[in-house]
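Each of the next two complexes has subunit A plus one more chain, namely subunit B in the first and subunit C in the second.
And now, the complex of A and B:
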């Protein structure tokens, strides 16, 4: 196996594949990066058993200046290999597998020889057929991930809640996540995917890594399913993730249909005020902020305190305020993360009662995106 | 004399009335009460070292046993050596706890400012008290009498204006003594005390004190603050103040317990993961109930595991948020930790399992939970 390639083109793909490679893995060979060299392309593979990433660098793309002299495969220690490649002196580099699995990496006057591993021992990535393919706009999908993944549980006590539940039905793509204290739901219309029918739970960690790879270069993301894996194809890169097994709770019934108090306010303004109140609530053992809605003077008052440090109050003038007076307490961190997911938008917060969950939606489009937060009961 | 660059002023607040109540040979006295024949025999509350292969420590010895040099915290085997005819009585903690609660109910008739140190020891701040008794000495006598009438147990009390002196005073006359140290007598009283009696001066510090010629409170009083700090660090700073009668620590009646947990020992030992999980589920249930009854929640879960060969593992996991007081949550984490730590020792069986929650805070708030699984609970 021997090839020469443009170093920066190689590094770009190497960085993507490395997202899947962990130094802490129970399967030793997975600390390695797999290189498969064919006559017209090289393929890089990394995996941590939960996520696998495979990317192809084709020879036809002149920017790659890929020249293959001998086909073959090797597994190289990912951390060393990547550090070496990034420090090589010239624009191009040559990788050459010599006797056994010894691999020589040269660039200009620098030459490394490192010990590789037998590629036959590297696990095979699953075959996922293309019949069940759905195409998603990269920017929309990235936004959807960012909006839902915040509500994924970080506690392993209920593993199923560490994932985002995706349902594709009747041309509508729905994503929901909840850690039981908050819930985030986003819908996308996918009229062209009318025939596909999905119901899967994808680990939040996989989605976070995936969203980092969706950029301007990948206008479209293709999603394919097998029984226990999902594959996302972004250009020349394939991103595999395991699915979470089990039944996701029915969340549709959790979203309140009615409200008795609504507040419309700019997300960034509220976010900044919550941020200030949480300066003190974070110092307290109970991280709680109190939110009072006063219909009489159309104001909202935010209150935070720490018995040791002091207290903060701030009065806000929302754009709209209707309904009953209300006082509710919640974890400001949940609120901040929810607000961030609305960007610069104007939002509507709908409350029913002090001890009932409340919802946040963009005023522009209350149908397709909703954040739900459960309040805190104080004694 | 070397002067330290900064000096914190020493404040002596003599306005409080604090009583330290110390039950006399508490566990042994309870056993004597239950079994009066023990009164004339040397009684050691500990597992009999002859049946445990020499393990165990003395929790309490009665006054007869003490004449043989037996004292608490001594290895039970040593106690047997000193007093071969001693009666060894296995501790009955549920009973002691019950008696302790009974005594606490009596305390509460006088004040709610109670800081329990152990089952048998507590500080009471009676500066103001529910019975409007002005004289702390009178109050102490009345308290002692009431404890005697209700429990047939004696205690010794120390009265002073701070906790440090009150504790020294309760030890001054035992059993059934009342000792008051008035503010004007505090320094002479402290000067006469041997250095070993000063709290914080333990086995490691005593030789160093003696080396510096400090054998009594008076010797300590003669030392400069800087020298004490140089030799004993923070303890030196504290002792410099204590021996001048200064101790502003309040009676921490709101002090929270640091952990809540339950353990179980098994005979025969558990030998399978399934059995272990069954018991973890049960222990988790008890812990969750206890957490709820104490109105606490915690951030850290500790699993304790002891194999048949006495190899003991404790492993903790700390979470960012308080864990819900939910047996299922405790069980799942405990079981996960068990899976992560269990090893070949399982062949020798599991003799003990425990789940403890620490990092506790009062359950003054609860983040409500969505009813994701309506059929649970």
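And now, the complex of A and C:
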């Protein structure tokens, strides 16, 4: 195996792949980076078993100045290899596998020889057919991840809740996450994906990592599915993630259909008020703020206290307020994260009872995005 | 790198019956989702678990045997297959983060195919809370999962775990065959007689014999033992002077306690004349042991044996070796002096 390539083009792809490589892994070969050299392209693969990233550098792109002299594969220790590549002196570099797995990296006057590993021992990425493909715009998908991943559980006691549940049915794409205290659900209409059918649970961590890779240049994301892994294709890069196994709880029943009190308010204004109230509630043992709706003078009062420090009251004038009087308490951190996901929008909060979950939706397009928070019993 | 041929060959000599049984189970597709392999160290539990893994993953199975040369078999033998999750204790116990890793793996799909295998070595070294946390996954795994829990001490496993697994008892290797094995490896006959009650593996035996450790330990133990049964106060001193110096690491300490237990077992055997004399561990002291049993009652022997057996448990609870042995000595005196 031998090739020469432009160093900065190579480093760019190397950085992408390195996201997947973790230094603490149970399988030693996964600390390595796999290089597959074919006559027309080289492929870099990194994996920590949970996620795998594969990226291709084609020879046709002139910026890469890729010249392949001999085909082959090798696994190189990722940490050393990337540091070496980044510090080489010239614009181009040559990688040459000599006898066995000894690999020589040269650039200008510098020459490194490092020990590689047998590529046969590297895990195989699943082969995923292209029939069940869904295409989404990069920014939409990134937004969807940002909106749902906040509600993913971090508790190991119910591992299934550490993922986001993706369902694609009848041309509608649904993503739900819940940690059993709050829930976040996003729907996207995908009329062109009418015949595709999904029901998978993707680990929240994988999605966070994926959303970091969807850069600002907004490429389309293709999502494909195999039996045990999901694949996202972004241009030349493929992102594989393992799935969570098991049955996700039925979340559709959790969302209340009716409400007795509704409040419409600007998300940023409410968020700032909650933030202030949480300053004191964080000090108290049970971290709750009280939210009182007063229909007679159309105001909302937010109250937070800590027996040791003091208390805070703040009165807000919502844009719209209808229904019965209500007093409800909840964890302000859940509220803050939920509000942040709405951005600058106007939202509608719908309550049924003091001890029933309440929902937050944007006033425009309220069908497609919903946040649900369970209140805290304080008496 | 162990090839499957070697693996199958060791299994065929160690546990031919179990190997054939599992060959049949897999051929019939009747593999259960969780097994508890119990038996002495060296009785072939890890080998069988690995063999099953290769049998299930191998690309070219011939006559119910994995070929051992395809990439899947090689990766399993190297321990680099991502769908074979192996956990072994680091030090005294299986740590919380190892169990966390196991749980995470139990809930995720396989990396390559659609089948996963978990091998938990020395499973009795899981803490009770760790084992309880795993219960749910062992009970109803999602997906195509097979778990193998290996243990040398079934009594230390949680009953709730045992009830959720199919227990496979690995019979101790045939003592006579084992002794021949040891003698073939260049171990002297009296030691080859003694070793089967300590270990079933030849490499471990050779470690014990390195630098003549085992004969020295046996001699020192015997001196202590004679003093104890005569109720001599010197025996208490002997613990520190002779025994503690010999037991330098955790393994040697366990072996010492195993030897003490074996001594009392010999006494019991001679007293009740259960087996032929060749099965004794301490053949070289048979004369002395026989005269001793004639002076002792069954009650005394049973009491003493029970004490010797609990000593090992105490060591497992991080009581220092010297304390364990001194406590044992003090507890043994009244039993023998009241004779």
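Just so it is clear, the second predicted complex is superposed on the first by the 375 of 379 C-alpha atoms of A that agree within 3 Å, B and C clash if a C-alpha of one lies under 4 Å from a C-alpha of the other, contacts with A are read in each partner's own complex, and residues count from 1 in each chain.
We take it that a contact is a pair of C-beta atoms (placed from the backbone, for glycine too) under 8 Å apart; a residue touches a chain by one contact, two chains touch by 3 or more.
Note that the structure is predicted; figures quoted are calculated from it, not measured.
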Please determine, from the superposition on subunit A, whether subunit B and subunit C clash or fit.
clash
Return first, second, both or neither, reflecting whether A:178 touches subunit B, subunit C, both chains, or no partner chain.
first
Which partner does A:27 reach: the first (subunit B), the second (subunit C), both, or neither?
second
Touch test for A:228: subunit B only (first), subunit C only (second), both, or neither?
second
Could you look at A:156 and tell me whether it touches subunit B, subunit C, both or neither (first, second, both, neither)?
both
Considering only the touch criterion stated at the top, classify A:43 as touching first (subunit B), second (subunit C), both, or neither.
neither
Touching A:376 in the superposition: subunit B (first), subunit C (second), both, neither?
first
The only stretch of subunit B that collides with subunit C once the two complexes are overlaid, out of 95-103, 275-283 or 365-373, is 275-283
Considering each complex separately, which residues of subunit A are in contact with subunit B in the first and with subunit C in the second?
156
In the complex, the residues of subunit A that touch subunit B are 154-158, 161, 178, 180-181, 183, 249, 251, 254, 285-286, 288, 329, 331, 355, 357, 372, 374-379
Could you please specify the touching residues of subunit C with respect to subunit A in the complex?
71, 74-75, 78-82, 85, 100-101, 103-104, 106-114, 142-143
Touching residues of subunit B toward subunit A in the complex: what are they?
295, 319-320, 328-329, 332-333, 336, 361-373
Over in the complex, which subunit A residues touch subunit C? Could you list them?
26-30, 49-50, 120-121, 123-124, 126, 156, 159-160, 162, 203, 227-229, 242-247
